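Take a look at the structures listed below.
Each of the two complexes below includes chain A, the first together with chain B, the second together with chain C.
Let's turn to the complex of A and B:
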């Protein structure tokens, strides 16, 4: 952390800063109390995870060598990457079109869509995942309907495989994509597309050459945000994957609770943190990190 | 302008948009009919509807005590996060220099670091501090996870606050404490209320850290749902889900009304 008494951007000289400190002692205390609270009780535990990854069971980079060498871990990482990629691609595609529809909907329709998106956003992820079990399991509602309609004879396998996990994750991530995309599209000047049309561009040409380029920063930001949440996702893969689709977060938890390989658990956790922080830095180029926060 | 922008009634984006919205809502709503099934297992109720799974919620099954645990933890975590987050947001608003901007990014960390990493970190650290499976242990973690949301929402409502208000208050003889309580905090009340709700819900919903750092003594609602899903896909969860969806919808409508009323008040003044 930066030295608090160092010259601030505003203060200029060391003397100025300490004078400012004396004048604003109360405010400095207000800022420092939460920071120290978090440094002690949050940062210390997180950093000790990283430290442990280099010292257990032996000092050195053994754990990281295992991550690179082990075929089992490679397949978990490969599965994680595949599920993250599919989730992000599907979420962005659906989210983009939905945000576009909301942007161009009438006042009332926009309000209803927005309300429903926010509602799904606030419903507990466990309840949502539970609902997906009721829908997707072999004796579930979707299979019942499809059999009832005579479309299939035997239940389709929709849980305990990639399909279930991807469906559940897209469902969870979609509002995280729709809301920033919608916010971004609101900032696009609504006279530009009609102007392009008036100058003779077809609807499609106007969309691809005018609207889409202006919405790309929003798309990039939303995409990275979904990728950040997907990469460390635990609940949906654990429940809808039913042990068959193991992503990195669940693998870490297994190392912790079943095999007690703390070195491996902590080193994978360290890698995950580094990846997520790097993605956050990348995302900050497209949107304010604060605005990525859950729930509007 | 309106006529220029009017789209044909059925467009690709509108159809796909509504399909996504239905995809978000309809599957979740299946918990409503399922919760009325008379059978012991997860099933469509058919012709007979029953309230047995709602009776389980208020009966001996421990659901009520878990709701109690969640209320205790979420309330305490929200109070702690609110105190810390508001302090920071006000201090940062007033100082707003390079140091506090960096500290602000630091305070947002718990929102970005994946929950499973928190689980590993706090499982280790709380074992040392003897905080595993205790209320203070879970409350501390949840308050730290909620802190970023309080900082963000209080900061957001401070953006519109004129710093000269504070100078005016001070020059009229108020102490800095009086200024904080009588001038600044009332102005940022909407941000504080929003922050409190964010913080409460963050804790109320939190499952991953709770799985690892609590067992019997502290048994929150998400943890009981989690165990219920893995044990036997308990239909009582559908009943609970129905209640929670209803409360969420009511909460959103109330929030909407509140904001509309507030906007009208601001518009009128």
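Let's turn to the complex of A and C:
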């Protein structure tokens, strides 16, 4: 038996080894090319930014000391945190409702809603932001309608302030919240809520004790995603804020192009990168917790 | 016995289609009632209208005389075991079983005692801190049962609870369910498409077809005296002899299949005109090597094929008169062999005469 089968078995494994070696080489090449590409074109500037933050204009931690000391920068950071928080909260609230409706809609309605959500990706963020100005400005569509209806006498201030920035950002972020929330809700067994009701829970109690806890991983994932995107948002706050609402990304850009304080700009960019990295780590944690929550 | 649940001409329409079409039934307290039917027969719609998830278009559903037709599910106090068990994945076994008690505001100590005794009944007390995904299918099934029973519901509704389990486990759980029913005395309403399950567990069975109750009765009644060809076909195996009624005296009714005549006891059959089918169950037919040994009702044939099932043989006998007949033979007699010439016999008290012919029968018998 052994004599008969040993050679063929050895031959098989030899063949397998060479095949898997060739296959591995192909994989390595496929991984290496983009890795080298990314390292050169992405990592180099990032590192150069980080290095600059410690050496310009003088070597040391001066730039970081300025960030801590300057009241102006503190207020920019505070404003950024506030806008990010509001945007995330509103986006999650609206996104959750939309994703919930999509999950429970009929098959055709689901396709239509999905299409409408995806549709906003087709329009440039710049165009959308200017469209919001047309809607929200004092002589804009919304104010005209409200005045026409006699609900208000003077136009509401909806742009060049926090409201405008938050409206524009929530609009941009919504698909990024809806899609992960929808993906998560799709995995929730549709008989669980009826089961809870059969066990005596009201529709509302069944939602809060069964559906909501099971959708928490989606909510956490979507929330961190939106938070990361919002923290570095530039165009929408710059245009809808009209210079009145300055978030950290616009502030960095100002330091680079107007005041030429590259050291301060790069140190702020470094801080932002660290925050985003920390959030990404937190997100991956949450995703793990999400799958662990299923306790496979 | 007092009435527990009553359907009074219940209809459920979806557009022009009736999922339930004029269903009336009285289910007695403590009864094990099975709703049996093929998919689309309305059995699940019926169960879900009892649970409160489907609102009838017309008619009424009453519990102990009290109208519950439009009551929401959470107000009904019925236990429901769903097909996929519907256990809450984010809660442990104990928390799952606690859920209906928590909703009802049962004090902690009392709830703990109830959970413990319920988990003991379903033999899961050692797995109370596990999550559903860590349990086998049979264990999940038991958790679903415990959760549906722990608040002492007035009815327990079960929607094909065993369909996801393998055959051996299904047999065990059938016995356990039956046992549980006897211990707790709760009314069980059980939906299945598995006729064996229905026969072995139920006090009564309702066979459903196209939203109507085709036949309602004890398992023996349904099996021995099917009221329609559909019922005879759905429950167990049957031979259908295409016959006409040709005579009737005070003891026997005489039938003819072609030129071949036989008799059945008069008090066991209905008097019928036109095309009729005589239902003969395979285990009521006997095989004989000679004409003299066979009973009066007999037919010559040749064995075409034999299957062995462990506890019995099944032989297909080709007859000139009535086509192929399926005959079960016990293991005591000589084993039937393919190619043998035999006589198929049956007693005068075993056939059922039904109006009509099975679908596709014309091609089969001509």
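Convention: the second predicted complex is superposed on the first by the 258 of 296 C-alpha atoms of A that agree within 3 Å, B and C clash if a C-alpha of one lies under 4 Å from a C-alpha of the other, contacts with A are read in each partner's own complex, and residues count from 1 in each chain.
Just so it is clear, contacts are C-beta pairs under 8 Å (C-beta built on N, C-alpha and C of every residue); 3 or more make two chains touch, one makes a residue touch a chain.
From a predicted model like this one, the values you see are computed outputs, not experimental measurements.
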| item | value |
| --- | --- |
| First, second, both or neither for A:171, with chain B first and chain C second | first |
| Partner chain in contact with A:148 - chain B first, chain C second, else both or neither | neither |
| First (chain B), second (chain C), both or neither touched by A:214 | second |
| More chain A residues in contact [chain B versus chain C] | B |
| Chain B versus chain C as contact partner of A:134, first or second or both or neither | first |
| Partner chain(s) touched by A:234 [first = chain B, second = chain C, both, neither] | first |
| Partner chain(s) touched by A:194 [first = chain B, second = chain C, both, neither] | both |
| Contact residues common to both interfaces of chain A (with chain B and with chain C) | 191, 194, 293-295 |
| Interfacial residue positions of chain A with respect to chain B in the complex | 1-2, 4, 6, 8-11, 24, 26-31, 33-35, 37-39, 41-46, 48-49, 52, 94-95, 97-98, 100-102, 104-105, 113, 115-120, 122-135, 137, 139, 141, 144, 171, 174-175, 178, 190-191, 194, 228, 231-232, 234-235, 239, 249, 252-253, 256-257, 265-266, 269, 272-273, 276-277, 280, 289-290, 292-295 |
| Chain A partner contacts - residues on chain B that touch it in the complex | 1, 4-5, 7, 11-14, 16-18, 20-21, 23-25, 27-31, 34, 42-44, 84-85, 87-88, 90-92, 94-100, 102-103, 105-125, 140, 144, 147-149, 152, 155, 176-177, 198, 201-202, 204-205, 207-208, 211-212, 222, 225-226, 229-230, 233, 237-238, 240-241, 244-245, 248-249, 251-252, 256 |
| Footprint of chain A on chain C - complex, ascending | 51-53, 72-74, 76-80, 82-84, 86, 88-90, 99-100, 103-104, 131, 133-134, 147-148, 151 |
| In the complex with chain C, residue positions of chain A that touch it | 189, 191-192, 194-203, 205, 209-210, 213-214, 293-296 |
